[in-house]
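Letters A, B and C mark the chains in the order given here, with residues in each chain numbered from 1 onward.
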Amino acid sequence: MTLNDLLPPIRGFQYNFAFIDEGVKKEIRRALLKAVALPGHQVPFASPELPIARGWGTGGLQVTMSIIGPDDVLKIIDQGCDGSVNAVNLRKLLVATTGIRTTFDSREATVLQSRHRLPEIPLRSDQVAVLQVPLPEPLRLVEPSEVETRRMHSEGDYARMWVSLYEDVVQHGAVSLGAGYPVRVNGNYIMSPSPLPRWDLRMLNDAEHLTLLGAGREKRVYAVPPHTSVRPLEFEDQPFTVENFAGMTCARCGSTGTFLDEIYDEKTGLATRVCSDSGFCDLVREGAVPRRGRLAHG
Amino acid sequence: MDDRVLVSVRGLEKRYGPGCGSCRELTGPDRGTNVCPQCGTVVAMAGVSFDVREGEILGVVGESGSGKSTLVQCIYFDQEATRGEIRFRGQNNDDDILGLPRSEKRKLRGRLMGMVYQNPLRGLRMDITSGANVAEKLLEADLFHYGRIRARAAELLARTEIPPAYIDRLPRSLSGGMQQRIQIAKALANNPPLILLDEVTSGLDVSVQARVLDLIRELQRELAVSMIVVSHDMGVIRLLADRTLVMKDGCVVEQGLTDQVLEDPQHSYTQLLVQSAL
Amino acid sequence: MTTTMMSCQGLSKAFVMHTRGGTRIQAFHDVSFGLSEGEFVGVSGPSGAGKSSLLKCLYRTYLPTAGSVWYTDGAAETRDLASAPEQAILRLRRQEIGYISQFFPVIPRVSALDTISNSMVLRGFPREVSIQRARDLLERLAIPRPLWDLSPSTFSGGEKQRINIIHAVIARPRLLLLDEPTASLDAASAQEAVSLIRELKKQGTAMIGIFHDRSLLMSLSDQVLAMEAA
């Protein structure tokens, strides 16, 4: 019995396990190994054309497809929610081409692919986070030339990145960047943490788990190995702050210490706040985990 | 002025092209050309050597194509010298720094040198505020404290006689004279021992030029910083420089005390240059 | 017994005009003399004899063609000024050797007070002391008070020359070279300038001077160097 025997054919056509062929997977894995060995460094990879449009998470998808095996348990979220359209479609594709088990409970997943959020429950050392990245180059903000940004990384010449933060403070009194706040990895490279909110950055720092990041259109992968420092860029006298949800509660589970989304009821015109991490919110409502109180954020 | 040598330049060369055995021989002031007739290589600078002492102002005078701008660009690592050695007192065990890796050279440059270009477009980023331009130099030297960056930038702008409100204005909205002052402020940011000035007043109106030169002179006296002043204008050289190099076709044809070079020039080219001055 | 400060031996100066096909013009030839502290050597001779050129050679504005100028400085070190390194010359000019000519390189937009006091400040005197001495000398040479804060570039010839003189003498140089210092002065200012010069001489400053007024030259000089047209 072979792997292919386990898989149901899709409309009579037999896909390779996890959709992309083994040659493609091998190349990506090699790139990923290099990325893990050089925390925060962007490694180019082939990112071949797939019958999937760019901008739909092909980077993160290819990473997941390269590392996933039949015994893995997969969770896919988009903006924290398993039920969003993109997450649903990606999940369907992966299940159809692998037959693996999926879950909404982050504690059960071995591979967690995400766009824009990390789960509220910290990941363990046996779990891998795969993040979808639109723009892997944090310096693109200040420098349009790829040749120049590569030089800047190689020489640690990051002054211009800092200058843009300075200008931000001058104009707004504080650094006003929201999602995708630039971070320094392992005290070395500056990295874009994908469009994670500031709230989630602490989850990357000295984490138990491995984080892999893939940008399909830009053809780059990068990684943060476990127990690696990830520090947001901050001036000594301008401490980094996270989103402020003081005085707010999740309307579904009662937590006061999670990242909240604002939902508008079209009929009533009222705004309610609910946990962005829908899976966590469900677990609290089921009584499987306690509701989250206010956390001390660093 | 200290007698100690701050910077020592030996055999600095810059060639564009493949080079052949006869390049040096077939180019230079005696041949009246920079271009090797045999291989077409341009010898922009052919083995220049000199010292700059602490607190000294060295003038470099010459016409277009003399190699004077190439000289300061190679010292500032804007261009990569083909050959030669540069030594900075107290750096790299007083050994040559040209051979160091680029990232180290960049760090050294941030600490040891400031540069003011003739064209502010080269020395400033026009799309960030004048304060940010100065901040960039400070950040290169690893000053990551916003309050202190702001204070230092304000201090430098004040010292270069720029109105305080301009700290948050874009250089492109300011006059040429102001832009040069911002460049000077930026050059002074990390208190470097050496400042390079490449034709800094050449594009300015005469009255503006005068004030910028005054500022440079005052700052030099106050800070006792060493300077290399490149100019084609002998008035500027006479005003600022203690000693002067005269360059032609990539070579130094004469060097000496500024008043001696201008009043008793020895080399035929220097005599021609001095006579031609208005 | 006064110490020898300068010993000029066989000094010659010729100009080679490359732009005139290498024409050689002799400014002066084989000049020798000795000078001690507090001594005044007067240089006499007709126009074109090379008197100014001699002074310029001693100051190193001109490069001597032959001969040597042995100078013993304040630290009792002796060197040949004709071949000394530039740093040494610059240091001596700042610390010890002053020069007054009729052509004062006026630095525009710097006040008379600052211009003058600066030569003292350069020698390490504190600013307040230098400014005070500058004021004293400006008053002595009758420069009107309102002019003190103005740039000498706007002054009359006589006023400029007085600034020139003060600038050179304020820090009491060991050696002073004078090229017609009183030429553009009226009688009263000239007299005041001369008394200033005599004071300096008494305080030990050695001098080499050119004066077109022969009687003045003779009254000041301990020694006269007579130059002839080359």
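As a working rule, a residue touches a chain if its C-beta (ideal position, glycine included) is under 8 Å from a C-beta of that chain, and two chains touch if they have at least 3 such contacts.
On a predicted model such as this, the values are computed, not experimentally measured, just so you know.
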Common touching chains of subunit B and subunit A: none
Closest chain to the centre of mass proxy, which here is the mean CA position: B
Centre distance in Å when subunit A and subunit B are each reduced to the mean of their C-alpha atoms: 48
Between subunit C and subunit A, distance of the C-alpha-averaged centres to the nearest whole Å: 79
Whole-Å separation of chain centres (CA-atom averages), subunit B against subunit C: 33
Subunit A partner contacts - residues on subunit B that touch it in the complex: 102-103, 106, 128-129, 131-132, 135-136, 139-140, 144-149, 168
Residues of subunit C touching subunit B in the complex: 15-19, 56, 60-63, 86-87, 89-91, 94, 105, 107-110
Subunit B residues touching subunit C - in the complex, by the definition given at the top: 1, 3, 53, 210-211, 214, 217, 238-239, 242-243, 256-257, 259-260, 263-264, 266-268, 271-272, 275
Residue ranges of subunit A in contact with subunit B within the complex: 154-157, 159-160, 162-164, 166-167, 169-170, 235-238
